[in-house]
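Note sheet for the following structure.
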Amino acid sequence: MSPRAIVELMMKNDAFSRWLGVDVVQVDKGTCTLNLTVRADMTNGFHVSHGGIAYSLADSATAFAANAHGEQAMSIECQMSYLTSIPQGSTLTARATEEHRSKRLGRYRVALSSNDKPVALFYGVVMFLGKPWKLES
Amino acid sequence: MSPRAIVELMMKNDAFSRWLGVDVVQVDKGTCTLNLTVRADMTNGFHVSHGGIAYSLADSATAFAANAHGEQAMSIECQMSYLTSIPQGSTLTARATEEHRSKRLGRYRVALSSNDKPVALFYGVVMFLGKPWKLES
Amino acid sequence: MSPRAIVELMMKNDAFSRWLGVDVVQVDKGTCTLNLTVRADMTNGFHVSHGGIAYSLADSATAFAANAHGEQAMSIECQMSYLTSIPQGSTLTARATEEHRSKRLGRYRVALSSNDKPVALFYGVVMFLGKPWKLES
Amino acid sequence: MSPRAIVELMMKNDAFSRWLGVDVVQVDKGTCTLNLTVRADMTNGFHVSHGGIAYSLADSATAFAANAHGEQAMSIECQMSYLTSIPQGSTLTARATEEHRSKRLGRYRVALSSNDKPVALFYGVVMFLGKPWKLES
């Protein structure tokens, strides 16, 4: 399966990413860029994007970048840094790049930005499970 | 304002925590326990809870525990470890406890469990902003 | 091999832990407590313990706690929080406990203290390598 | 004080970095590159560089890059990923770059390499203390 086909299959079953309104801008082996727009139902008690929204977008970008290699992968450790708050209505972009990949582990950095300004940094580690992606029949 | 009143005010404005169906089981200065039930629209491409759901619950528990001291606090660094997947329909519990608090910084651990089994570990650092919580008038 | 025998063998070959003056207070499967005394040659440009000293002690405590199960383990991800500075001459204690262990991964928290006061928090993830510890012959 | 003068003053008092044999290859506001050579007394029970050595080099690189702005800064949160082991005798390079800086917080990534091969990834958060660096008189 191609990177694009794997991510389309993942998105088809990923109800939460669909709720987030995730737009797959780019995907390839080890890289993925996603967008979403911060809606009113994604805000927190400070009237800005809940911390979980940017995290979830980065987590999905990491999952797509890692699984695009053709082997199933699951997040094991993630780390998130908040640089500035993200107002409702903003477009949020998460750009995942692969820092390192071994047989078992993949390391990904995700730069989160809004209006070309950095808003958060994410780092994710996935474990590869030894199961290839294949078309459901 | 009391810890309970602060968290009620935060929840009132926290549209995303309400979407998550967050139930505030307990809150006090530095501690908070939250529950949610994993719905179909919270699952990912592997038919289990999206990583962002457990993270968001832990992030909210940390925010509530920290803000309950009466001074506004914002997450700056968070770290998440996934121990096992969480099936749809599960009740998920996040129990935040304060590890350390100084004038500027608070450190919180959150134990995430489902059916009394650990499913994830979260660690969050907040910065206190020097602004007291007060009733909106 | 017993937990104690594994750690004695590791310490015998661990030149850096010996330079640190590490004292193995306790070790068992999944737990380990280590002490050291902060010497002048362990301080940094602020006249307190270099951040790498407390980290190294915590990293060793994690390695010993994990390897004590009888299977070789290596650190893959570690995280360190500094709560307060540690003056020269202090005794520093690192107490590692196992948060979770699966076939492949172990998760450990280390509480670092000095004079019964918390000074740092450490979290480490190890990967088990499938190789048993055995006596060198 | 210039970035170079600040780092020379820090190194003069940094006994542990001197024990490590740290060589300051480059330093400027927000960036720093350091080298060391892994000696026998820096190895662990697996006959490779102790995890604390690469961490300490990265921590020093972060401290120098941050303090080079002219305001005292202290590490509060650090995260380390081990990609591969580092044999005794290797030259180890830590290259710190500033990801983000606000009034209070600085975020730094450090790429650790040996023979142009990545061996570890470090991420550090510092807090700026509001005290300028000035020459000791």
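We call the chains A, B, C and D, going by the order they appear; numbering starts again at 1 in every chain.
The rule we apply is simple: a contact is a pair of C-beta atoms (placed from the backbone, for glycine too) under 8 Å apart; a residue touches a chain by one contact, two chains touch by 3 or more.
These figures come from a predicted structure and were not determined experimentally.
Novice: B-C versus B-D: which interface comes out with more C-beta contact pairs?
Specialist: B-C
Novice: Rounding to the nearest 5 degrees, give the angle of the rotation that lays the CA atoms of subunit A over those of subunit D.
Specialist: 180
Novice: Compute the centre of every chain as the mean of its C-alpha atoms, then state which one is farthest from the centre of subunit A.
Specialist: That would be chain C.
Novice: Taking the mean of the CA coordinates per chain, how far is subunit B from subunit C in Å?
Specialist: For subunit B versus subunit C, the centre distance works out to 30 Å.
Novice: Find the geometric centre of each of subunit C and subunit D from their Cα atoms only, then give the gap between the two centres in Å, rounded to an integer.
Specialist: 21
Novice: Between subunit B and subunit D, tell me the centre distance in angstrom, where each centre is the average of that chain's C-alpha atoms.
Specialist: The separation of the two C-alpha centroids amounts to 33 Å.
Novice: Where in subunit A do residues touch two or more of the other chains?
Specialist: Subunit A, residues with two or more chain partners: 76-77, 79, 81, 125.
Novice: Across the complex, what residues on subunit B touch subunit C?
Specialist: Within the complex, subunit B touches subunit C at residues 79, 81, 83-84, 99-100, 102, 107, 118, 121, 123, 125.
Novice: Quick check on the complex: what are the subunit A residues that touch subunit C?
Specialist: 76-77, 79, 104-105, 125, 127
Novice: List the residues on subunit B that touch subunit A in their complex, please.
Specialist: Those residues of subunit B that touch subunit A are 9-17, 19, 40-47, 50-53, 55-57, 59-60, 63, 74-82, 85.
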